[in-house]
Amino acid sequence: MMLVNLYPLKEFKLPVVAECINPDIFQGKKPKEIEGLEVWEGNKQKRLGELFKVEVAKEESVSEAAVITIHGDVSHVKRIGVGMKGGEIVVKGDAGMHLGEEMSGGKITVYGNVLGWAGSMMKGGTIEIHGNAGDYLGAPYRGSTEGMKGGKIIVHGNVGNEVGAHMKKGLIKIYGNAGQFVGFRMHGGTIYVQKDCGGRGGACMTDGTIVVGGFLESVLPTFTIEGLRKRVKIEEGEVVEAPFYLFLGDLTENGRGRLFVAKEPNPHLGYYEKFL
Amino acid sequence: MEEKPKLKVTLLTGRTIEQGVGKEWGKSSKEYVESVSVCYMDPEDMKRLGVKDGTNIQVSTAFGSVVVKAVKSLRAPHPGVVFIPYGPWANVVVDPETHSIGMPSFKGIPATVEPAPDKPVLGLKELLKTVFRKG
Amino acid sequence: MPVVKAVTCPVCGSLCDDIELTVENGRIVKVKNGCAMCEAKFLGYCGEHRVLKPMIRKNGGLVKTTLKEAVRRAAEILAEANYPVLYGWSSTSCEAISVGIELAEEVGGVIDNTSVVCHGPSILSIQNVGIPSCTLGQIRHRADLIVYWGSNPWSAHPRHIERYTAFAEGRFEKSAWRSYVNKVKALVGRKKLQSAIKRLFVKKPAPVPPPISEYKPYPFITKEGRKLIVIDVRRTKSAEIADYFVQVEPNKDYELLQAFRMLIRDQELEVDRVAGVPVEYLEEVADVMVSCDFGALFFGLGLTMSSGKLRNIDAALSLVRDLNMRTKFIIMPMRGHFNVTGANIVFTWQTGYPYAVDFSLGYPRYNPGETSVVDVLLRKESDAAIIVASDPVSSFPRKAAEHLVKNPLIVIDPHMNVTAQMADVLIPSAFVGIEASGTAYRMDHVPIPLKKVVNPPKGIHPDEEILRRILKEVRRIKKKEEAA
Amino acid sequence: MELLIKNGLVYDPINGVNEEKMDIAVKDGKIVEKVNERRAKKIDASGMIVMPGGIDIHSHIAGGKVNSGRLLRPEDHFKDFERKTAVTRSGVGYSIPSTFTTGYRYARMGWTTVMDPAMPPLEAKHTHEELSDTPIIDKASYPLLGDWWFVLEYLRDGKIEECARHVAWMIKATKGYAIKLVNPGGLEAWGFGRNVKNIDDPVPYFGITPREIIRGLCRVNKLLNLPHTIHVHTNNLGKPGNYVTALETMKCVEDLAEDGKPVIHITHCQFSAFKGDDWRTFESGAEEIANYVNAHSHVTMDMGQVIFTDTTTMTADGPFQYILYTLSGNKWVNHDVETETSAGIVPFHYRRRSYVHATQWSIGLELALLIKDPWKILMTTDHPNGGPFIAYPRIVAWLMSRKAREATLKKINSKARSRSLLPTIDRELSFYEIAIVTRAGQAKALGLKNKGHLGIGADADIAIYKFNSETMDPSKKYKAVRRAFKRAAYTIKSGQVVVKDGEVLKHVDGATMWLDVKTSEEAKITEEMKRRFKDYWTVEFENYPVSEDYLAISQPTTVKADV
């Protein structure tokens, strides 16, 4: 296994674009070669070694995928792990936008917060964020309907708006709160928000599952109540044992999406029980 | 001590024709300043708060606090909704959150309004000096 | 006295081009056909707040300098910057915008226009849904239903209704204005007509439903001909001249729009009210939408800026798209600045993207939220800025403006506006559309020429010319650096 | 500046030159008899093909509709970008490239003249602003006139000469090059969400039929002596069974032809050559169309070839685009233009595995191969409707090589493959014929006297491709043909070398061509027009025309009309 440690040489102020921080790219490269990889700081092209101290800790076998550990705040560094197919990235600090965009395998772990578009257009692999995540987690690029197609994103803190927009497959679990428009226009897959959720959850969804464990201000008028459920399964080995309202929608899109909302924290939804 | 009346409201900011006209006369013009350092309120809300047309009030949000003149809205009723025209005064209190779409939140911001008859409405220069320490 | 006809008004996105100006001794003395904002612009543009000399900040204060020196200093700032912001562009000509984009590319900066804080969200949703639209003449000729949603044309686009919508005269649809006028004719003499109309405008009691708390289903208008509906959180002046007004609870437009989408497909709602409005009432409005021959929905910042932002527009666009299954319906954003549409258009043809374009990697990248100016400022990433024909310090939230002001700031503007007062380099420019010619795009994408009516003050150049000089100087500096 | 291209294998069909090893001399932007050998810059073209610069008779590259398509599709651009270089501007692709990139990409393939085929007159300034920002290539644009209220009313009232004068005025006012008709009558009906069903279905409120519009404008075109014929996008485009409409459209002007000269151009004919009652029974109508065209001489057409890729459809045919939206569920832009026309945009992905798409691909090639005379069927993709123009090298390969066609046939929908006529067609176009369908024929159809050939006095727009046609068989080496056309060895525009080995060396402006149509009775229509102007449009009369300032390089051609 190849272990690479990256230490930021300074506090970044300008945006840095560092697509090269990717286990597939580091794999089999010598420290000098890694230092020589292309990055951009603001409008200047630089080498990775100019911004990071590169330390190759272990270099035993070339066959196994690399593990990259970033020590420090890289919240201004964008596009870490973009398109990665295997290996692992660990960020001990905050990470910038587009973390793990279009990744298809491997794992990214962040012990800190990340900005928007983490796991955007993801196809496989795992992203685990121990802090908060920004907007558009797992959502596609502007104008695109190619949402998340696979893989798993776990966030232990809160997330912003439009989590899992256009999602087709895969799983997003949020153990904190989520912003508005969770699962906007989603077509499949599962999104679980353990705590509270901003409004408009499931807007324009056509299929897939959204589970809200906490407070949801209101359900869109374009959803219809389907029934009460005693428990909801999130994935293999994770079941939430509590009564949930089940809504179906979004009817504006002739959707069959399932929106589970915990009964107990949402007494205002008791209104719907008359339809059951 | 008597507790000051305070009103929880939703703050909208936006265009008015006065601001639109004032803007064309120039941003340092009296017309412009007078058209944007005001807060339109529902007359019932004003009664509740004990302020008259022209009384100074302090509008506060999670992002800042600014003193402007209360003006009786001609578009009432809209209880619980106050309106400040676009401009430097409004900017002190609007929500900078863009939700990653580039646009801050200029409308629908939770705010409180309280009478501030003793506090002055800052002029443009003073306001800028206080906020930016430049100019 | 010479009268210049068919002048285009450089104020709002309606871009009225029928203005007649009387010019006397090189000054505009009379404005015909314009609204209040138009008059203020043409009569007041050259007021006391005009900047007449380039200025540079020295020891904390702005001091006069030469154009050459100001251009040199501006070019230096931009050439040295690692992540400059180039912002504004909606109140200048397409020709100037074009040079601005070339400058942004040359200095590897982020170029953004004011649509980012007005209809940027609309554009983002257009990129998801598309937009069924048309030019304004189509509405004038054909629309028998006009809806303004979260938009107050009376204040922001004063002649919109009269020129293009409810009160305009079309081939297939007659002006609803006439029915008002006829009423007045019977009462007053022809001479007093104008003032009577004014009175009618101000005093006409509109059939306004009671406030939200006591909403009752209201019998819908059975009016023949064109119908005008206004939907807003406040009873604006536009709402008063409407045939009908729907008052929506603040921040609930999304729910209302989605509910309409269901109703126009004859689907049932399980709730009694949406956004504070009883469902029976909404059903009536939905019926009117479905049964019109040609409907037009105009939306304003009331939709793009309230909670839900871009997705409010997503819903509005989807609603209108869905309505086309039943009838002809179009939708159009009410664009504010006179050439904000042009800024989007020029940006798009040159870079592929309508605003928030980042050239730092040498090619156009676009992702509002990431490459948009307010976000760049809030993340404190930029290290210099040039502002052209805009006043961000008076329109951005304080936190964003603070970072803008902290770094070297170049301002090109005819006026001593709020941002200009914070500038490190201030270059006064000519008023495009008054002192300089060019092209602007109306809110419906129709290009209209801007006229040069009078000469600018001595030594004052159009934005285009100033930007060209800066670009040339930047290239000179960069060449020198490369040689060194 | 003088230039000498030596020892190339020259293909110049207009002058009957077929693979002749000869030198081409260039001076001051024109082809000349000879130049001073010592002074001239020399290009060694031995073992290479030399042709006139490519011409595209129908490619949506500029204007409101194209730009709305760009705006609509950031996801189309973000992975296909071009960095700024010392000589070129940056930009993006893919199916709707930004203007600078459009110019460079055409030039890289050796194309030097491109016609934008759909200009809404009210927004003509926009088209010209973009054309002026499209470097290197020469261009022109066709104003959309088939649903213009003036035309409908004059033709309804039988005032053909009045109509002609107004059309002449309009071509001048918009700086246009030809009369464009799109779904004539259908676009006016679309103003109220309707359409016309066939060429004899009256236009609501106007009392005129598409047939009358087509015939009327065809006669106007002749009265005005315009260099190109009317350029027609047929009614019912994109609908199963529409080959009948295409045939009727061609037939309806048969009697207006004289001396065997073409009087109508049916554009992107593939989209109008559908047989069947619905999408299930859909099949190719190419044979029927080809039989008609082979038997008549009054028609030219272009292919509108489909490429299997993700592209963006955009036409002035609002009702067609709406149908495409309902079929695909993709995002949809509609833009109707008052008193004139409409437009629609829908992103579209042509898939090999789709029966309909694969059959469309086949139809385009069937037309090009079954129509015997290459001067009658020109190569286009109706960019970006069938696919982006950067796919031209692939189409050239398909036309020249049975093997190339078979390679693609193998990968398409099996039902489409079994019904395709392509396996029964052995024809393979020669380079001489390729030079016709991509250059000479295009120039002839457009009436461009100085383009599409390498005779003395012609514009020195020249493409040189690295393919030795003497030693290599394009039928077998079709991949080499593709490579050669993708990156021209040299592109010469107005006598300047602008591309070498597929790299752009120079950013130069191209000209915008337009017609200055002189009517004998100089239009007293102005007063009349001014009056009606206010009724019909929402801009002032004097703000309507496009001034020459909007054209980076203005290149008018004077045309003397018979009215």
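We call the chains A, B, C and D, going by the order they appear; numbering starts again at 1 in every chain.
Rule of thumb we're sticking to: a residue touches a chain if its C-beta (ideal position, glycine included) is under 8 Å from a C-beta of that chain, and two chains touch if they have at least 3 such contacts.
All figures in this text were calculated on a predicted structure; none of them were measured in a lab.
Chain-level centrality, scored on Cα centres against the all-protein Cα centre, points to C.
Counting C-beta pairs in contact across A-D and across B-C shows that the higher total falls to B-C.
Each chain gets a centre from the mean of its Cα atoms; for subunit A and subunit D, those two points are 46 Å apart.
Here the spacing of subunit B and subunit C, counted between their Cα centres, is 22 Å. Inter-chain centre distance (subunit A to subunit C, centres taken as mean C-alpha positions): 36 Å. Shared interface positions of subunit A, defined as residues touching 2 or more other chains, are 116-117, 135-136, 141-143, 180. Annotation for subunit C: residues touching 2 or more other chains are 124, 127-128, 307, 359, 361-362, 366, 368-370.
Across the assembly, subunit D contributes 72-74, 78 as residues in contact with two or more other chains.
Pairs of chains that satisfy the touch definition comprise A-B, A-C, A-D, B-C, C-D. Every residue of subunit B that touches subunit A in the complex is listed here, in rising order: 99-101.
Every residue of subunit B that touches subunit C in the complex is listed here, in rising order: 10, 12, 14-17, 20-22, 24-29, 63-64, 73, 75-79, 81, 83, 86-88, 91-92, 94-96, 98-108, 124-125, 128, 131-132, 134-135. For subunit C in complex with subunit A, the touching residues are 81-83, 107-109, 124, 127-128, 254-255, 258-259, 261-262, 265, 267, 269-271, 274, 307-308, 311, 314, 318, 322, 359-362, 366-370, 379-381, 383.
Residue ranges of subunit A in contact with subunit D, taken from their complex: 140-144, 146. Within the complex, the subunit C residues that touch subunit B are 11-12, 36-37, 40-41, 44-45, 47-50, 60, 112, 116-118, 120-121, 124, 152, 154-156, 158, 211, 233-237, 239, 250-251, 301-302, 304-307, 309-310, 336, 355-356, 368-370, 372-375, 378, 391, 393-402, 405, 415-418, 421-422.
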